[in-house]
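Two complexes are shown next, each including subunit A; its partner changes from subunit B in the first to subunit C in the second.
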Partner chain A sequence: MSNQVTLTINDREIKAGKGNKLLWVALENDIYIPHLCAIKEEPRPNASCRLCFVEIEGRDKPVTSCSTEVEEGMVVKTRSERVDRLVKTGFELLLSDHNLDCRNCPANRSCSLQVIAKKCGLKLRHQRFTPIERDYELDDSPAEFALDRSRCVRCGQCVWADRNEAKAGVLGFKNRGIDRIVTSFNDQPLADLGCNSCAHCVDACPVGALYYKQKA
Partner chain B sequence: MGTVNPQEQYKQLQNKAEDYAQARQEKPRILIGTATCGRAAGAMQVKENFLHELDKRNIEADVIEVGCIGHCYAEPLAIIEKPGFPAVCYGYLDEGLVNRLVEDFLAGDDPSYEFALAALERNDVFPTFEDFPRGIHEEKLILENCGLINFQHIENYIGSEGYSALALALSREPAKVLEEVKKANLRGRGGAGFPAGIKWEACAGAKEDEKFVICNADEGDPGAFMDRSILESDPHRVLEGMILCGFAIGAKKGYLYIRAEYPLAVKHVQEAIEQARENNILGDGILGTDFDFDLEVFQGSGAFICGEATALVNSMEGKMGLPESRPPRLVQAGLRGKPTVLNNVKTFAYVPRIVKEGADWFKSIGTPESPGTAVFSLVGKINGTGLVEVPMGTTLRQLIEEVGDGLPEGREFKAVQIGGPSGGCLPESALDVPIDFDSLHDAGAIMGSGGLVVMDQDDCMVAVARYFLEFTQHESCGKCTFCRLGTKHLLDILTNITKGEGDRETLQLLDELSEDIKQGSLCNLGRTAPNPVLTTLRYFRDEYEAHIEEGRCPALVCRDLILYYIKPKKCSKLCNVCVGSCPTEAIYTRDDGLKAIEQEKCVKCDNCRKACPPEYDAVIKLSPPVLPEEKGARSK
Partner chain C sequence: MQLLEGEREEILACVKEVLGNNSIERENLIPILQKVQHRLGYLPALAMEKIAEGVGVPEVDVYGLATFYNQFRLNPPGKHQVKVCLGTACYMVGGDITLESFERRMEIKEGETTSDRRYSLERVACVGCCSLAPVVVVDEQVEGKVTPTRVDGIMLALEEDGDQSGSSSGEADSETGEAGTNGNS
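Here is the complex of A and B:
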């Protein structure tokens, strides 16, 4: 069939629809690749968390699987020394800017960082990097939920859900570099923008940055 | 094709240009370099001085503003063309010198060669720039008109055969232009060196009605100014290159993305576009053919990252200027989703001569893998600062010692930083590396924007790496993990080292993290940001070790690792200038009449060291910051 391709992931032969991204094909076949920012429905991935690296035969460096389309005859390895090293460093970097306190976090046991740690054999601890000190404002204005930026990993899931599912246009990123943060329209408290119940963004957040208050 | 032969149309333009030139032949001409570099040195004042002096003496002469003449070290500069004399370039102009030149040369007949830098044409009396070591190496392909012709008139460009490549190309097939550019192996001058021909071909092959040509003139590297100089001095050359590209790939519209901080470049390009339209070189039916193409300036007021290809396109579309992951490449889906060729100012500037003189001519200059020339701005501890253009393959040593005339006296070469903030620092042992894309890359540096900073014994390599990291960390867009957080940690670690904090593991972490940022980042800002760290670690590891193991900064730069000390043996009881120079009153007179510094009060401003008269030269910096034992010194 012309709109199907056959590829090999970790020595397993897999059939996939043409145009699909490697990350989703692997996940659907129960092959785990760490990821935070990928959105299946989004044709142009952000490719910003930099955790979904894999090796593809014939490419000189690991590539992000969320932004790579499957190809006929592609030979993929989801682990290698280089991949593991990048994932470890990327993960440690994210943790160095994360309020790491699982026991008191509303996302405990449902957090993607915990999943990644478990699946990739990484520690949920600060290791090589000194934690970055931050001073964020908590926005707990909505009745049901709150935004605690000290846990945000800048994955952009909430922004996408806000635009594409809630169709609200309330959330976005602002500032450059290390100061990049998720913010609301005009930096207003979310409640003032009418955010009280839809909570698409809360459901999208893979960590405990946007959370339901009752869980906290 | 239209009814009129483009070559004939072009001939008419040339005739017009000739009449124009004739009309201004008999009078002497004074060309003043008034690009931003000249202006900063007072060129506009010099122009006023000339006008005033000429007027006072009733001498008829044209005073004309031209672009960057290239010898920035001697700014303000002027070229005087007086019938009967070779054109001569004068530097270091001020009011007094202008008076003399007008008096002796323009009113009288003495060219005052003692004040001249060089002649511009061969003659029997005075050497030209080519006769100096710098000139022997220099080969000007894209800077050839810089500072020589008056950019405000298209006639001057046409008078030196400008737009003849366009006329030639239009009388042939578009594929011919493409073929020449591809065969010439013209590599992109925006930094990465990707072959322009391959980009153009991919775009030409795309089956879309609408395509775009974009010139990247965002030039955000600190200290880089060659793109600006070319646009200010010789804008038509860039326009011609872009029109040729549009013809080759089948585009009808192009944009020049110029940073808004370059108002003069914007103005000159806009004027050039106007003139080109008036002369049927832009617009519908160019030179009588059925090829339509127009250009527009887009003023970018964004951050450094907006120079990155995908971020630039986003910013032109009114979105946040953030990079995107590729594919799709711009040639597949660029501006407004249409196939787009994006090239640097210099890349486009080479195109007219390649089309006119052929790929083989271009390949006869430079090296086989990097044909043509490289443009550098020489700065730092070097005599001949300024813009230079040399064939690829010239060694760094030739560039520094001969073209740049070496280091000022008493300065000892330590390193050359090449390629801007994402480039690398190379040591003496790497000076015989030929300048080309691949050799520089192998040495750990990059061609980048062509910035070249010469450093000496007073430059601390850790501080230099830290300085560049501070820039890239500040300019990171923050989108991806490795660059946003990785550069922050790199900077923090480097800052600690400049304070003497760290151990061997710190250096290993620097190394590992740098490699991972290079591999893991989304765009080339992150992928190249660690270069200054990696090269200094590779070539100047001993300096890092001195900082962390001995608490010593060998270059005596890092503030936390130095102290100021007045050598009693050298200090004079008769002098006390240092006392007054100190802003915090840290200097006191000891019981024996000599001066000493109260360390707790010292803010390390360096004033006392500068103030101490050379005959005493008693103030020194010490690292590690430990006071020598002194007999009989009073503690305070």
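Here is the complex of A and C:
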């Protein structure tokens, strides 16, 4: 039993394995926390999407649940004024350079952004932040799928799948800050770089950035 | 960017020497990139490929690193290097417009080099003479209060330098002298 901890999430008592991350414990118990970049198998999460904030009693500030391990006696609240505010701002920032043409997006109705918007009561449109428009080049070189960077949320799921599932090492990030974007070496078309169209990255994409061509 | 004659061999030899025979860990990537850039003046794609191979990481990781840090350049320095300051003061008085003017004149984007390697264009953050904003550094010469009209003048001076097929030091002196006068007027 020493490998088990008992914690409270939203007034519910929950038992969880020691060393597990709060986000996954909550999700397994049907408690929703918005998230995009979290990868369960990853020991050191990026915690870069800034959506999975929760309040933990005794801590000054909300923390990202994907990078916080459960502890005995932890008391967690998944929503609070501060959490909601952080999530709202994070979400709006993600949308600020997102191509919001949902109707023509292959991920329409299966998009994580839509799920988050619905579950957290957020709006899928530009609000406080001036939208940034970029002219990314569409990469439709692989036989089965294509990469439209204008819909990318920089969650890194495709990069992780590319490294750990496909073992390809074709996808990665370039640049820094607001210019960060998923790309391949020297921005070459994926098909020219040993991408074997295994499509693990497409399955990992939570939005419509990587998509199967026949669906589009 | 097209490699020059003999450049391929130079790159391969340089990377080989920097990597040496020891196995190299991922955390040594930055010093390796620094050494290679120090010797070649920039990081050609070929060098990044060979470094990735030597260190045993995906090529795109080396590319990601090289694009993350401002200190690395992916294009060769041009014969004339133009650096446009976009520090706070220069930015406020339209440094971005100056940069755009250069981009239009050179037909390249910031961070790039013309295909004949004559000009390279960069943005920098403060050269330390904010009272002259917007500031541009052409080769080693500081130009103050650079308006789009002045950009045309600078480009004209640089173009003339080429017409006289000048790579001699005398030419360079006359060019900087002229530019200096204009800058002070």
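FYI, the second predicted complex is superposed on the first by the 214 of 216 C-alpha atoms of A that agree within 3 Å, B and C clash if a C-alpha of one lies under 4 Å from a C-alpha of the other, contacts with A are read in each partner's own complex, and residues count from 1 in each chain.
Basically, a residue touches a chain if its C-beta (ideal position, glycine included) is under 8 Å from a C-beta of that chain, and two chains touch if they have at least 3 such contacts.
Nothing here was measured: the structure is a model prediction, and the numbers come from that model.
The wider contact with subunit A, measured as residues touched, comes from B rather than the other of subunit B and subunit C. Once the two complexes are laid over each other on the shared chain, residue contacts for A:Leu171 go to subunit C alone; subunit B is not touched. Shared-chain residue A:Cys49: touches subunit B; no touch with subunit C.
Touch criterion met: A:Arg163 reaches subunit C, while subunit B stays clear of it. Using the contact criterion defined above for the overlaid structures, shared-chain residue A:Ala199 touches neither subunit B nor subunit C, since it reaches no partner.
When the two structures are aligned on the shared chain, A:Asp97 is found in touch with subunit B, with no touch to subunit C.
Once the two complexes are overlaid on the shared chain, A:Ser184 sits against subunit C while remaining clear of subunit B. In the superposition on chain A, A:Thr130 makes contact with subunit B only, while subunit C stays out of contact range.
In the three-chain superposition model, subunit A touches both subunit B and subunit C at residues 173, 175-176.
Residues 45, 48-49, 57-64, 67-69 of subunit C are the ones touching subunit A in the complex.
Remark: subunit B residues 303, 305, 320, 324-325, 473-482, 484-489, 492, 509, 512-513, 516, 519-522 touch subunit A in the complex.
Against subunit B, the residues of subunit A that register as touching in their complex are 44-51, 53, 61-62, 64, 67, 82, 85-86, 89-90, 93-94, 96-97, 128-130, 132, 154, 173, 175-180.
Listed in rising order, the residues of subunit A touching subunit C in the complex are 163, 169-176, 183-186, 193.
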